[in-house]
Amino acid sequence: MKFEPIPIRKGKAKPPAYKIMTAKEAITQFIHDGCYLGMSVSAAPAALIWEIVRQRDRIKNLSLSITSQIGMSSALIGSDLVNKVEMAYNWGGIEGEDKVFRRAVEKGIPRPLEVEDYSNYGCAMRWEAASMGLDFMPVKSQLGSDIIKYNPRIKVIDDPYTGKPVALVPASSPDVGIMHCARADEIGNVQCYGLYGNTDLLARASKKVIVSVEEIVTTAEIRRMPNLTVIPYYYVDAVVHAPFGAHWRESNYYYHHDLAYGLDAYRQFATKEGFDAWADKYIHGTKDWDEYCKLVGYDRLNRLRLSESKYQKFGEVR
Amino acid sequence: MKFEPIPIRKGKAKPPAYKIMTAKEAITQFIHDGCYLGMSVSAAPAALIWEIVRQRDRIKNLSLSITSQIGMSSALIGSDLVNKVEMAYNWGGIEGEDKVFRRAVEKGIPRPLEVEDYSNYGCAMRWEAASMGLDFMPVKSQLGSDIIKYNPRIKVIDDPYTGKPVALVPASSPDVGIMHCARADEIGNVQCYGLYGNTDLLARASKKVIVSVEEIVTTAEIRRMPNLTVIPYYYVDAVVHAPFGAHWRESNYYYHHDLAYGLDAYRQFATKEGFDAWADKYIHGTKDWDEYCKLVGYDRLNRLRLSESKYQKFGEVR
Amino acid sequence: MAEYAKDYSLPELMAASVAREINDGELCFIGVGMPLMAATIAKFTHAPNFNMMVEYGAVGPSPRRLPMCVDCAVNNERAYYTGSQREVMGAQQNGYVDAGCISGAQIDKYGNLNSTGIGEYPNLRVRLAGSGGANDIASSASRTIIMMRQDGRNFVNKLDYITSPGHLDGPGAREKAGLVGGGPHVVVTTMGVYRFDNETREMYLEKIHPGVKLEDIKRSIQWDLAVSPNLIETEPPTVEQVMVMRTLDPLKVYLGNGREVLAGDFEAFMKMFEDSYWPMTELMKSKGM
Amino acid sequence: MAEYAKDYSLPELMAASVAREINDGELCFIGVGMPLMAATIAKFTHAPNFNMMVEYGAVGPSPRRLPMCVDCAVNNERAYYTGSQREVMGAQQNGYVDAGCISGAQIDKYGNLNSTGIGEYPNLRVRLAGSGGANDIASSASRTIIMMRQDGRNFVNKLDYITSPGHLDGPGAREKAGLVGGGPHVVVTTMGVYRFDNETREMYLEKIHPGVKLEDIKRSIQWDLAVSPNLIETEPPTVEQVMVMRTLDPLKVYLGNGREVLAGDFEAFMKMFEDSYWPMTELMKSKGM
């Protein structure tokens, strides 16, 4: 025996330290070429995605881990940055057909896109597994469907307790997870209002986490209602202050989905030229999120905010 | 083809209907002899447990599914109602050694008690599995320990993705789950303040659910902050209004653990006679929770409440 | 008795028919698109105690605006619970959901649905949205309510891809596959209403929409469609149902060409939202919601 | 330099020694009993940015009252997160926890712990508490800090029951079993401080408490204890550490016979809680917490 103690092995917890950055700083620091990128849908991290697109000379190849995405992942796909997407849904919802996605899958424009299909719960359970340090999760969706037939990463086993078939999905642990939430303090305790989908799971599943928020608040404000903390500081690497940071999508209790914008964008996405023109104007034509908001118009964004608060405000019933 | 449509099969959701009952009514209606009973620890459902003990002529045999319990399950064990406990921990915490539990396991007094040991997370993952309709959950605790050696219901398999060993625990779905929470509306939407342990999982895992609460509130009050709803109405069968319903244990932001009472109770639990005298006085000697509170003293309970609010109040930072 | 509308469109008939499949007091999982609209109609007319679950984590909302997506801010409005997808999808897999409401691009006689693509997977001629939550609803809801366009090409003998399981290949197949939900219960299309026979699990025509000919329906379906001997005409929407639809969706975003109208017209969009607040709030109060 | 206390008890020395094992900025999972007390001392003295996780669902509290249990209301006090056990235990299994702090009734040279019972399982002569969260912490925390009474009978060659895995039977055993955490790092007892050799994974004596004789330590341990060639005396508690302990626990509930004093004495209990508010709040402010 050499009487040398076992060296201290640190856990994965991020420190309770100052984490506020600009989107540019956060994307520059954490997202690299070849990144396996996880993206939340509720709320959509538009400000962060736009910044990735702005850095396309540096970040050329991404694989995406999503559950569902509505238009936002198409900003990356249409910008020629994505090789593969692991997903349940990539489409327009009320905005309709996603021509950017179709062009990529059907015609390889701007580049071929490999799709790995799951159900929504199947995708979510992949993050769930990773969020608990597990390598798989059992799930009873997808059984009997062609999702399993064509996706060899989903395994069907006989449940060791009941003997009945059950599907297993492999953990998905993105290199970086990006998400948009209501508010955070400077050390990265993040709170959400209303539904947040699987943002909680994505933050826990990802190796690095960038959160954009509507508001930066004091730690005392976080402590007022610690039950609202959806992502504690130890998961978070960077907090980006991005008011209206989910536009054209919604941010619960802050502002509503800008359907008029979304439908117009989708109309432009119908052709590659249309998409490029849209991206040139709204993403490359603006140097940061504030400039994007100015281009869209803060008057317009404020109208969306007022419309939302007519119907609901967190802490009140309207 | 007979042109007879597939009959409508209802889901397990409990209706959004009036669910307020007294503890006596709820226990009478839902807990039967031979019941497989799940109990939360945070907060402890003391008012409900006392009522079960009062009905011991009818409810003679229980199996318990718990994670940890501190004294409260001993009220049932000491009252000769329990044949088996599936558990991680049954002891006094700061109150120390649980002599009731020891007498039952070591000497079969008042009756033999079978113990099925898991870790805390192992137990919780059993409820987690049931909460999602799964028959098992993978867990990386318990590996290498004698918990697995002596508990044949825990299976160790080679993870189909990594080849590494992983433990599986079987789902636990209690016939009835009982728990104590902060507040609920009349249809059973339940909100919690502060930590709530695995109360969320127990409610989802159990076939029938009885929740006692500090406060009954309007549905509008629930809607003010829907993110605080830990147990939506569809899991809940009965809501029991039981202020101070966790005494001698704590109810976060309402009142603190009454350590002086707990230590004194444990001192009495040192002998069977002592336990019986305690139960005769505090449980059988009172007809309901309000009488128990009077016996303990509302002045004392209010002191515990004031002491708690000196340190913290939900929605403020003190 | 409810008063029927005299003036209504085919999409309105369809939405009203789907709304009627939802019973008061039920808990239903609502998928993206028209199902959200139909569920909102049900809530504000005959089923005020019906509660919807939407897959990104809301339970029991009363949307007084056009619900646009399953992650839409509207889904928080007056909800009992908001939070995680895990909660609502876990509850569904745990058997809590009475019914789920979904749609698809192709369907076969067992109610299996394709929303993944047309062609040979993965080399699809037309790539579609993918499952989203549809597979999960189809797998685990106690019954599913399906909404479909019926365009002459999408009621097929064999799907290009089974995204969402119906009764698979017939009686017992779901159980054998390990599926916990009951599978398809009804299909509401632009032409009629179909149910599934309890014995054979095959779709049959139960109701035909006013003005639609049976021979046109049969021609639009690849297999030899079974038709109920008690075939009846679909009940028209009520005045109240139509009022709700037109208040929520005056520009026919769901129920017509409203998307073309709204694309780029922010003022029209804002007006639609601003105008629906009072009538929907009054209706809500009158229903005791 | 910190000023050392001149007057302190053995339990105070032990609590202070455990507190010192916690580094500022760390995230540690704290088990029931004395570990809660030691963690609170750390937070209010040298490690204000250390955050504790307690197993019933709280992160980052600053308890200004005696923390009594892992589900205690005190654990919510000024916490960053409160909610589910699933969150904190999931984070631990996911490798987020720097250290976990636990205790047990029996220990062997590899730091395996028994808190289940004495005798042959399941026919135990003495039934103990069971694992609680100890097994989970021992399985998955990046390192564990163990607190033990050393009573002459509980440092054994072979445990009656391995509740919480230490280094099992030596190098590589944890990895082979599939355990994700790093296992025991230090053992603080009533007699000394022990660490585990990086090569053999066996416990060795690193520090001896003031006034304790090495031969008494050796006699209280069943195996042939390895003793560091650089054996030193345990550092006494600081004045500040002792002040925190005595403010939180003036009646020596953790650190003496306070449980006997308090049993049935509600007024004494209330006074203890009332008295600790101001000094602890002032201390909190002075640390910028």
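Order as written gives the chain letters A, B, C and D; numbering starts at 1 within each chain.
Note that contacts are C-beta pairs under 8 Å (C-beta built on N, C-alpha and C of every residue); 3 or more make two chains touch, one makes a residue touch a chain.
A quick note: this is a predicted structure, and the numbers were derived from the prediction, not measured.
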Reaching subunit D from subunit C through chains that touch each other, fewest steps: 2
More contacts between chains, B-C or A-C: A-C
Euclidean distance of C-alpha centroids - subunit A vs subunit B, Å: 37
Centroid spacing, where centroids are CA-atom means, of subunit B and subunit D in whole angstrom: 27
For subunit B paired with subunit C, centre-to-centre distance based on mean C-alpha positions, whole Å: 39
Touching two or more other chains - residue numbers and ranges from subunit C: 58, 76, 78-79, 82-83, 93, 140, 180
Residues of subunit B whose C-beta touches two or more other chains: 133-134, 139-140, 164, 166, 192-194, 223, 226-227, 317
All pairs of touching chains, each written as two labels joined by a dash: A-B, A-C, A-D, B-C, B-D
Of subunit A, residues touching subunit C in the complex: 41-43, 67-68, 70, 87-91, 93-96, 98, 101-102, 105-106, 114-115, 117-122, 124, 128, 139-147, 149-150, 156, 164-167, 193-198, 200-201, 249-253, 255-261, 263-264, 266-267, 300, 303, 307-308, 310-312, 317
Subunit C residues within the subunit B interface of the complex: 25-27, 49, 51, 58-60, 76, 78-83, 87, 90-91, 93-99, 140-143, 180, 182-183, 185-186, 195-202, 204, 206, 226, 228-230
Subunit D-facing residues of subunit A, complex: 1-13, 15-17, 130-134, 189, 204, 219, 222-223, 226-227, 229, 232-235
Subunit A-facing residues of subunit C, complex: 32-33, 54-58, 64-65, 68-79, 82-86, 89, 92-93, 116-117, 121-122, 124-136, 139-140, 159, 161-165, 168, 173-174, 177-180, 253-254, 259, 262-266, 268-270, 273-274, 277
Residues of subunit A touching subunit B in the complex: 133-140, 155, 157, 159-162, 164, 166, 168, 170-171, 192-194, 220, 223-228, 314-317
